[in-house]
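So, here's a batch of structures to check.
Two complexes are shown next, each including subunit A; its partner changes from subunit B in the first to subunit C in the second.
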Partner chain A sequence: MQTPTDGVSTPQSTSVLRSSIAPYQNSRYPIGSLTSTRRRSSYRIPSKRKIPQSTPIQETFDPQKAALLLQKQWTLYSVTPMYDFSYTKLKEYSKHLSATIVAEKQKGVAVDLGSDVAFKANFSCLPGLKGKESDPTAILVQITGKSPISKPGTEERIVWTGWFCGPYTEDEILEVLPETFTCLPLFLTNGSESFTAIVGTWFQQAFDCCFGKLVIRSLDLRWLAAMWAGYEVQGHVPTTELVFSVPVEPHMDISFAIHPEDFKTLWNDIQKSKDEVTVEEVEHLFQCLYSHFFRHFKIHLSATQLVKVTVAVASAHCEGKVKFLSKDHLVRVLGFLTEIAVNNIQY
Partner chain B sequence: MNHIDVSEFKARFKKTIHSVMKNVTIHFKDFGDGMWIRIAWGQTSMKPNQYRPTFVVYHTQTPYVFITSLLNTFRPVLCQALLSAAKYSQIQEMELKSRCLDSLKDLVFKRFTQVSLSLDARVTYENLKEKERIHHLTRETFGDGPLPKLENASYKLETTFKGEHGIAEKIEPFRCVVKFSSPNLLESIRSLAPSGVAEAPISSLLTCIPHRARNMFKISDKKPMQPTSSQATN
Partner chain C sequence: MATLRPFEKMPIVNVAAVLLVGSEESHREQLAQAMLKEPKTFDVKIHMTQSLPLPFEGDYLRPRFDLVVFLINLHSQLSLNDVLSSMMHLDAYFYLGKTCFLATKGKHGSVQHCVIDITTVKDLADKHLSILIQSELDNEEDVTFTARRLLNILKICAGLVPGISSLYMSSLTETF
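Our next item is the complex of A and B:
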């Protein structure tokens, strides 16, 4: 079995879905390239995106579980639909995955996992992490560790967390899938890469799915900045920050941090409809910012690469790292990332 | 003040600090022509923290000190001690930061060399191709030699939004902070125009860093496109 450096194994066998179409390609290959196909059509660059309205489902999301997901850095992966996954067998899966971790540890492959610590995997559901009724329920996988030297009665420490979700997955996709498949295209992990590799391999073997590292292109980061510029969140509002990587020697980064109120006023001047965002509006926003910047520094930001965006709801890095900063609008941001994940999957 | 008695400086420095704070250890050491002062601070009920000392580098023949790892709490005490020890009446922060002490010295003491080409702009540039023009302008501004090492430069901008006519004109001013970071910032800035990322000549906001010996600026519209409290002409 081949194990790429991104920590998640890719299968050599072809699954039911892929067998009739194209051999599996490593999803780390730049998305949007010529060979990348999404249902045999070239990668879509949407010309507009709807702003999803708040649904009652989101409000049922358990605040305690939400707290588990906030303020942590998550690494993103895209996942193909899982074959024969059942929400009634979560206990069984927990046992099975725990046993796999023990076996891996005994093999001595994953040396950095700690030799004396007893690890346990636990599957649970994240109800409420849905954009609409037809979205499959999100799943949370936690690995806890208990050291033999820790006092009895002390809580087990969570050493690794991963979750699968897919809010606002297009119904078009969900409907064409046979019922034996569960579609949760977005996989987020926090913790040691060794665990990510073990869990990834286990899922791949158990449900015949495969993982791809998810990168967020500059274009998507610009969408993210524009779409969430206008959102209000409760509590502390961080500065809107755009980080650009400048192709000079030695390497230089430019951080352009804008007062959130001013950023919002600017966006409100540009955005025409409150229900949707168009690609022209996104490009217009950045054109204005680039132009303001150029008048001061004579530097063309358009010749640089946008690598990181921080807005009130989340911060996202082009290497597929995301941090959620607020429970408000969490599902919507996940919906956006799900769309990117779906586009990253090569059928 | 051209000459000071070093032992007198040390004594006065210690005395001033110890008159205010007891739990402080102070050590002096001479390296080259500079005096290094290591200060471990302690609070009333705590021993001096030897793991996080403040270092002060002072060249007695110059009116500059270089300070590292200083908490705001201890800043007034240290400044007072430096003033009374060196018999100055005023001390001011320069808004210049770097990890590289030698580069800071080069900037502050204006030791780094620049090539000044005495070309008549009107005659010469007309005949130069764009690439050569950029090369000349870059060389004129930054010279050929190695540049002092700075890691960051930050600009707090409070200027009218100049994105596009009719857009966001009611934002007055547009508040933003721009930070440039690089392992060697001035080298990066030097390669901006040749690599096509910036227009030549490079903005005076960036080129003024070495001349002004400053890498933190606040820019407002009072003096458009010029750092505030500008005195230097370049």
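Our next item is the complex of A and C:
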């Protein structure tokens, strides 16, 4: 799996982008969309973000499929637009990928998964997993394993799951892309790394796309915590937890657990407008938490690094690991992650 | 305590003085040692503080500062807050070529820990017409190189390069 991109561009690379007139070789976008490439290279952190309202499309999302996605740990990747991907050829893709896995297994790549098991890949759509009408339909890839010694008729075991989605992708990006490209910038996997590598390589070869490891910066984790602080979630609500890593040797973590109700009250006092969140509000929220902590423990949390956030709707780790906890807010959280994924792609 | 002024004291012959401001003590120490090690034609006096204002005691022991360097660790909100509050205590004349920002830890491998976006620091430097240096300070070479760059700037700020004023410094910064 190729992991070249990391979000922040160095000044050197920025200047290269600015000065070179024909960066077509580097650009994974066709020539026509170069203007958008320029625009993205001068990306700035938004000073406010809108909290999208739920739309009727999300209601159509199959609860059974949703159950597949919830309560599991997903590793995040960003993907460049896929060339010549067709939703009508999913069956063909399933066969092709299954054959690739068999071939790879014979080469001895995936031996750790048991050599007798017969693996099968299956592509399907995740309709309803979109924020607005123009978003492309998400796709789910599952790899099932069947052991020859198990009785016929028993359920095949799912050994690896991965899905591509892109809810709330900016319309500006979708518009400049030619018809032949499918833009699903966010890729989430659960299962063995070797399968991720096989599937990733297959996608790269089949659709000429490129994968990059997606990290969630502490900066974005703060946004995540703030944006979903005020949301009601039905059923069991986990404790809001912020994990800070202290940059000292030996390694030390500080876990800051807050009752979700308290966190919500604090946030409601800070937030001014209901449907948008500003950068000042996010900073204010964390300033409050930091000064509270300093008052009690005399530790400057602002000098530490925020590495993990657990709120009622999701739990996210800065290394690019996410767990979704609520079906109702799944698409909105994905929308935020899509934004990060799009910005992670370097042109 | 009053603000720090650039020309309130007399200069010392063939001496340049720099003030390092930042909450990361290890970074300040590293830089200071590397700057002292570098071969140079003038004497360097290095003072460091976590934040401004400087205490009144011992003021007579301090030289005239030719350059103030603000160190910002992109992994630590505290370092930015310290720098922002310190900047208030600096006389406006310092911003005419006698300040410089140093952003550390923005490297690719540790991007996930960034709590301050680099554009925030770029904006800050642009607004104050100051130079922004990006550096990791995680290996010997990097520290030496950064120290060398700071010394070059310092030399100009102290007026030790004939015919070049630190006022020219602002033309090196991006203003668009």
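Criterion: the second predicted complex is superposed on the first by the 306 of 347 C-alpha atoms of A that agree within 3 Å, B and C clash if a C-alpha of one lies under 4 Å from a C-alpha of the other, contacts with A are read in each partner's own complex, and residues count from 1 in each chain.
Rule of thumb we're sticking to: a contact is a pair of C-beta atoms (placed from the backbone, for glycine too) under 8 Å apart; a residue touches a chain by one contact, two chains touch by 3 or more.
Here the structure is a predicted model, which means the values were calculated and not measured.
Enquirer: Could you check whether subunit B and subunit C clash or fit when both are placed on subunit A?
Expert: fit
Enquirer: Determine, under the contact definition given at the top, whether A:Ala303 touches first (subunit B), second (subunit C), both, or neither.
Expert: Touch partners of A:Ala303: subunit B and subunit C.
Enquirer: Is A:Arg157 contacted by the first partner subunit B, the second partner subunit C, both or neither?
Expert: Neither partner.
Enquirer: With both structures placed on chain A, which of the two partners, subunit B or subunit C, ends up touching more residues of subunit A?
Expert: When the residues of subunit A touched by each partner are counted, B comes out ahead.
Enquirer: Could you look at A:Arg217 and tell me whether it touches subunit B, subunit C, both or neither (first, second, both, neither)?
Expert: Touch status of A:Arg217: second partner only.
Enquirer: Look at A:Lys50 in the shared chain and tell me whether it touches subunit B only, subunit C only, both, or neither; answer first, second, both or neither.
Expert: Neither subunit B nor subunit C is touched by A:Lys50.
Enquirer: Does the superposition put A:Pro247 against subunit B (first), subunit C (second), both, or neither?
Expert: Both partners, subunit B and subunit C.
Enquirer: Classify the contacts of A:Ser255 with the two partner chains as first (subunit B alone), second (subunit C alone), both, or neither.
Expert: In the superposed model, A:Ser255 contacts subunit B only, not subunit C.
Enquirer: May I ask you to decide whether A:Glu319 touches subunit B, subunit C, both, or neither, giving the answer as first, second, both or neither?
Expert: Only subunit C; A:Glu319 stays clear of subunit B.
Enquirer: Can you work out, in whole Å, how close the C-alpha atoms of subunit B and subunit C get once everything is superposed?
Expert: 7
Enquirer: For subunit A, which residues belong to both interfaces, subunit B and subunit C?
Expert: Comparing the two interfaces on subunit A, one with subunit B and one with subunit C, the shared residues are 247, 300, 303-304.
Enquirer: In the complex, go through subunit C and note every residue touching subunit A.
Expert: Touching subunit A from subunit C are residues 23, 75-79, 81, 106, 108-109, 111-120, 134.
Enquirer: Write out the stretch or stretches of subunit A touching subunit C in their complex.
Expert: Interface residues on subunit A, with respect to subunit C: 6-8, 10-11, 44-45, 215-219, 222, 245, 247, 286, 290, 300, 302-307, 318-320.
Enquirer: Across the complex, what residues on subunit B touch subunit A?
Expert: Subunit B reaches subunit A through residues 155, 157, 159, 161-164, 167-168, 170-171, 174-185, 187-189, 191-192, 195-199, 201-203, 205-206, 219, 225.
Enquirer: Would you pull the subunit A residues touching subunit B in the complex into a rising list?
Expert: Going by the criterion above, the answer is residues 239, 246-259, 262, 265-266, 269-270, 287-289, 291-293, 295-300, 303-304.
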